[in-house]
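Which chain is which? They are A, B, C, D, E and F, in the order written, and residues in each are numbered from 1.
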Amino acid sequence: MRTDGRQNRDLRPFAVTLHPNKYAEGSVLIEAGNTKVLCTASVEERVPPFLKGQGKGWVTAEYSMLPRATHTRNQRESAKGKLTGRTMEIQRLIGRALRSVVNLHALGERTITLDCDVLQADGGTRTTSITGAYIALALAIHKLSETTSFEKYPLTDYLASVSVGVIQEQPVVDLNYEEDSKAKVDMNVVMTGAGAFVEVQGTGEEAPFSRAEFDEMLSLADEGIRQLIEMQKQTLGTAGERIGGGKK
Amino acid sequence: MRTDGRQNRDLRPFAVTLHPNKYAEGSVLIEAGNTKVLCTASVEERVPPFLKGQGKGWVTAEYSMLPRATHTRNQRESAKGKLTGRTMEIQRLIGRALRSVVNLHALGERTITLDCDVLQADGGTRTTSITGAYIALALAIHKLSETTSFEKYPLTDYLASVSVGVIQEQPVVDLNYEEDSKAKVDMNVVMTGAGAFVEVQGTGEEAPFSRAEFDEMLSLADEGIRQLIEMQKQTLGTAGERIGGGKK
Amino acid sequence: MRTDGRQNRDLRPFAVTLHPNKYAEGSVLIEAGNTKVLCTASVEERVPPFLKGQGKGWVTAEYSMLPRATHTRNQRESAKGKLTGRTMEIQRLIGRALRSVVNLHALGERTITLDCDVLQADGGTRTTSITGAYIALALAIHKLSETTSFEKYPLTDYLASVSVGVIQEQPVVDLNYEEDSKAKVDMNVVMTGAGAFVEVQGTGEEAPFSRAEFDEMLSLADEGIRQLIEMQKQTLGTAGERIGGGKK
Amino acid sequence: MRTDGRQNRDLRPFAVTLHPNKYAEGSVLIEAGNTKVLCTASVEERVPPFLKGQGKGWVTAEYSMLPRATHTRNQRESAKGKLTGRTMEIQRLIGRALRSVVNLHALGERTITLDCDVLQADGGTRTTSITGAYIALALAIHKLSETTSFEKYPLTDYLASVSVGVIQEQPVVDLNYEEDSKAKVDMNVVMTGAGAFVEVQGTGEEAPFSRAEFDEMLSLADEGIRQLIEMQKQTLGTAGERIGGGKK
Amino acid sequence: MRTDGRQNRDLRPFAVTLHPNKYAEGSVLIEAGNTKVLCTASVEERVPPFLKGQGKGWVTAEYSMLPRATHTRNQRESAKGKLTGRTMEIQRLIGRALRSVVNLHALGERTITLDCDVLQADGGTRTTSITGAYIALALAIHKLSETTSFEKYPLTDYLASVSVGVIQEQPVVDLNYEEDSKAKVDMNVVMTGAGAFVEVQGTGEEAPFSRAEFDEMLSLADEGIRQLIEMQKQTLGTAGERIGGGKK
Amino acid sequence: MRTDGRQNRDLRPFAVTLHPNKYAEGSVLIEAGNTKVLCTASVEERVPPFLKGQGKGWVTAEYSMLPRATHTRNQRESAKGKLTGRTMEIQRLIGRALRSVVNLHALGERTITLDCDVLQADGGTRTTSITGAYIALALAIHKLSETTSFEKYPLTDYLASVSVGVIQEQPVVDLNYEEDSKAKVDMNVVMTGAGAFVEVQGTGEEAPFSRAEFDEMLSLADEGIRQLIEMQKQTLGTAGERIGGGKK
């Protein structure tokens, strides 16, 4: 049994609050145990310079932790004057993952920026950000669809993410911070509603892992992500009705 | 009557949630109308280099707005690589104001950093930050007092802040964003529980103001701040009992 | 009596040298006691991006201290790679104050930049910069008026600034550095020729101040600024004749 | 058949030049097809601040591309004033991968920095950097062992890396730049001499991938890495004799 | 006799490898003793903003040392976030020197950037960079001439550079690192094929030098540069045939 | 005859004002025609890290132009966030030149920083800065000598600098801005009181120059610098008495 009483295959209790922000086109406060992330989707009617005039849109993400999201206070990246490698890596991952289920041509020449601000961190902030940002993105596209008649609906599938790891030879899902510090392998998986892989990032810095361990972790992740996508469907309700209607 | 139905002397409804953050030594989510600021107090057992070995502590503040705290999305200062002048000005103001009611010698060689992160902005973010950060600071010092025997209690008085302005020749208190955009004068006032001024910052960029207008604004601010300090007393309850027990 | 023999209401001796710079459209070297600031006004026939195509102009300011303007040498901000919060705060103040007496529509699509470079600092550098920059600005607009026929004269009033403070319970005006270090309250006031307030910035970090002290300080500032504006009128002579001819 | 005539499971021809740099403690020029990376290992008798006094060492990596390593010239990161997210991500990956086969306690309080400078890029620069940096690291540790008597040899295993992807439904190994641009999945795998996984990073931004595709890619990577490790053994010869003698 | 057995007037052995880079329009690896510099010429069909629409082109250079080009490892300038003064000085020198033999009007509206990356440094990196960058530039212009019919050939003369110094009262040419550290005077000279001076930069920080010493050094430099230009002519062969055909 | 009526060998009228700054250990305002530079010398009782504990001191320089020192306004380097290559090159030159006449061991463990701030620029700012900074340095060392008993006087000789160039085949000395723009060769020379060369930096970007031209320019520079050093001697008077008393 795990320190917080969960079985190896148990996700932490999650909670989703819709529309915590009155200005954003889509917003959600997502909680996975003690990890809390505020995700907002901002729609702008322009694209970055490298996409100008190509008739397609863009989806991108930014990630940040509040200084006291963690046990001890961290210096702000704005005060340091630059983003850390960790932040860049995470926000590139979130953006890439979300784009895998967006038909950018269908979206048209607009940019949707997902801001994931971690209010409190207890492990799994990048995977929780992806799962939450997806909902904010879906809300924003649904809202767009009320004023724009999309020939194809720009969102091609559901998408969620979870972490898995190996602790004392046991594969476990959705690690909290304490577990994360003890895990010999750390893996983040992103999957679509159709059950396909979008990102698999496994790291065995402390100790390399075998193919068998790898397979077990993938299965745990698959099972956890299915539950998260079920939660997304219930949360979005009719706002998610047209998702997957058009393919890429 | 004002656009949101308030009288000139009415504050917006405010709400305070204590301890929204499980790690910080003190934390509060403060709401003034649609303005929402998350304030955390972080205690560290060290002081900045310029204070080393002087037997006194330090209180400082940092201020930031989430990118979509506002009607349209703003670029992150961490992405720009530097703080704007506005941010620097505000965080210097918050830190200075709070230090005016802290006996730094009584605090001892430790630093308390107040992080004010604006989750949603609808005018008055700097004054709301001061009022909220004061509560977080008081909670952190109260918590410190449980393990440290302070000869003098480091907090010498209560402290709160409000904005005032002149709109269509009428002085009004606690302006929301829409009012702020129309005001010809913009003034921020910080006062102590004893009714003394700590900061008075009035700006008439659009149109200079007369001494009579100035006096009316100060009176409105005084009245509003008294209400805010009453709210602080009720919120802190016994955690505020020793405030003002020792002077600077 | 004050350390330099002045009465509480006495300004320091001031001196103004016109046209110290042969290239700038307006320039002045202003001295208030040992504080010396070189102010230049540069006119450019373009406006910042946020004003493009609006048929109005812009007035802005930059402030800097030479490294050895002070008792001990300070590192250059260019070497640090960024402006300090203090510098940003001051240059925002100078720009805002000057714009309060400029009719930007009357100015037309051009930018006037006031550079205030402190050659020697002995207290009051920001207020002296405002008083001096105003003269440089007036010279530049006068020069512009020789080649441009302004329907309304862009300068709507005179403008000057002085500092006031409280030392040993006595309100005093135009503090030098030594007095500034001892003052419990520090206030900067900017007023127009018509006697209206443009900026009032009072700070009681060391000790809060009462409304009575505040009123006394404002009166001292008012009296001092009237003298400074008188000096500006004499200095500008016929170059100031059209000031205030057109309102905002 | 692939554009350069290879079968799906064929690596590109590779070449290794030992000691191209006369100052570095270990150095190698590695070529995989037209991709050329100069790897140097620099040993310093100190550790970063976060490791001071813990009796263990550190291994870290930096990665950079010369401006004209690519088809068109890229701006230098030194001229931009900051590292891109891509560079940070890659150098974090290289460092993490190498540390997985180093016993940092056995290494003692010293830092080895691996610099991977890409002279020419034709796909696979990050995996080629890992494979080459490993050799430079092994040379440097071997050289250290001539003057230091290690109780345990700090290098616990061999380590190499290769990319795999899916092009037109076919899994292929060691993609060149042209192939990389057309691949729907892009995966980088790092493995040890013992055949365990250290890093698996698969991305399906263009199109998600199935578990079956994933398994096929892993098998191709496994086969390719075994060949690369064989090459490393032959290249290092007696300099590699003690590798794996002591475990972590 | 010098530490490496050379006479005072002897250059170090040099070697030139043409086309080490398959993408660049011109490239060369130049070695002078143990100093090795990779020079690439990149042609772009655009000019910097300050030259837009003037019907002329631009030639510029960038210089960088790999971190372990030297005895001990240097921090990367990209990691520092800025170029050192030394780097800026050197790349300005290289660009200026090359432009002295280019007819920018004949070149037309295009930019040629010479990247000089020092792989290994043993003194004379800036002079070797100039000599090598000239060859890369000549190759690129020759290649351009195959598709562009230049009315005047843009390259007006040959150009090379060498260092000279005074060690123990003896003037010597082409100093290696060890000699450089002991030299009381350090001088870099750039000359054209016609024997005219383009740059003379002599520095006597350790000890001023006399006119007689100066004259002797100039003569040594002249002799050395003639040999280098002879080498350039042989290396370029027919690719250099049209050089000097048209004047500036 | 030159545009301002001078003969080829004529310097511009120069003027020196001693002690324009009341805080600096040495200060001078130097004017060469319309070029005006404020030079201050700041003495600090510490040395940079690379010199710690070696029993010797350091002399360094910083150079900056006020934004409106020139015909059109330039952006501040502090606002850009970095120094330009030109600024770095110039301040390195000034520091190097001054150190050539300072016995750093005799100076002891202290740093003297020369700040050269160009108030108005009309050509020759770097050479004028050197000539002026030397006087400020001499004043500071003289002042130091009143409280420190130097065994050897740290200043070993006088030092001044002038520019020379070739305009319409005529070598001329001390070029103003207009001449500088037309010159085909631009050379800066620094010499000691003993007539030895410290720096010779000649650049023929527009057109290479012959040895004969070079010799003529050197002779003109020599003659000009002798006059400048004579002026320095008269200006310093008894404050210069001990200069050259001790050798390096």
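Just so it is clear, a contact is a pair of C-beta atoms (placed from the backbone, for glycine too) under 8 Å apart; a residue touches a chain by one contact, two chains touch by 3 or more.
Owing to the predicted nature of the structure, the values given are computational and were not obtained by experimental measurement.
Counting hops only between chains that touch, subunit C reaches subunit E in a minimum of 2.
Relative to subunit A, the most remote chain by averaged C-alpha coordinates is F. Ranking all chains by how far their C-alpha centres lie from the centre of subunit C, first place goes to D. Subunit B and subunit E carry the same sequence, and matching their CA atoms takes a turn of 180 degrees, rounded to a multiple of 5.
In this structure subunit B contacts its sequence twin subunit C using mostly the same residue numbers, the overlap exceeding half. If you average the Cα atoms of subunit C and of subunit F, the two centres end up 34 Å apart. As a whole-number value, the distance joining the C-alpha centres of subunit A and subunit C reads 51 Å. The mean-CA centres of subunit A and subunit D are about 29 angstrom from one another, to the nearest whole unit.
Of all residues in subunit A, those touching 2 or more other chains are 81-83, listed in ascending order. In terms of inter-chain touching, the protein chains here make up one closed cycle, each touching precisely two others. Read around the ring of contacts, with subunit B first and subunit C next, the chains fall in the order B, C, F, E, D, A. Put simply, subunit F touches subunit C in their complex at residues 20-24, 27, 34, 38, 40, 42, 44, 62, 64, 66-73, 76-83, 87, 113, 115, 117, 119-120. Within the complex, the subunit E residues that touch subunit F are 82-83, 85-86, 88-89, 91-92, 96, 99-100, 187, 191-192, 194, 196-211, 214, 218, 248.
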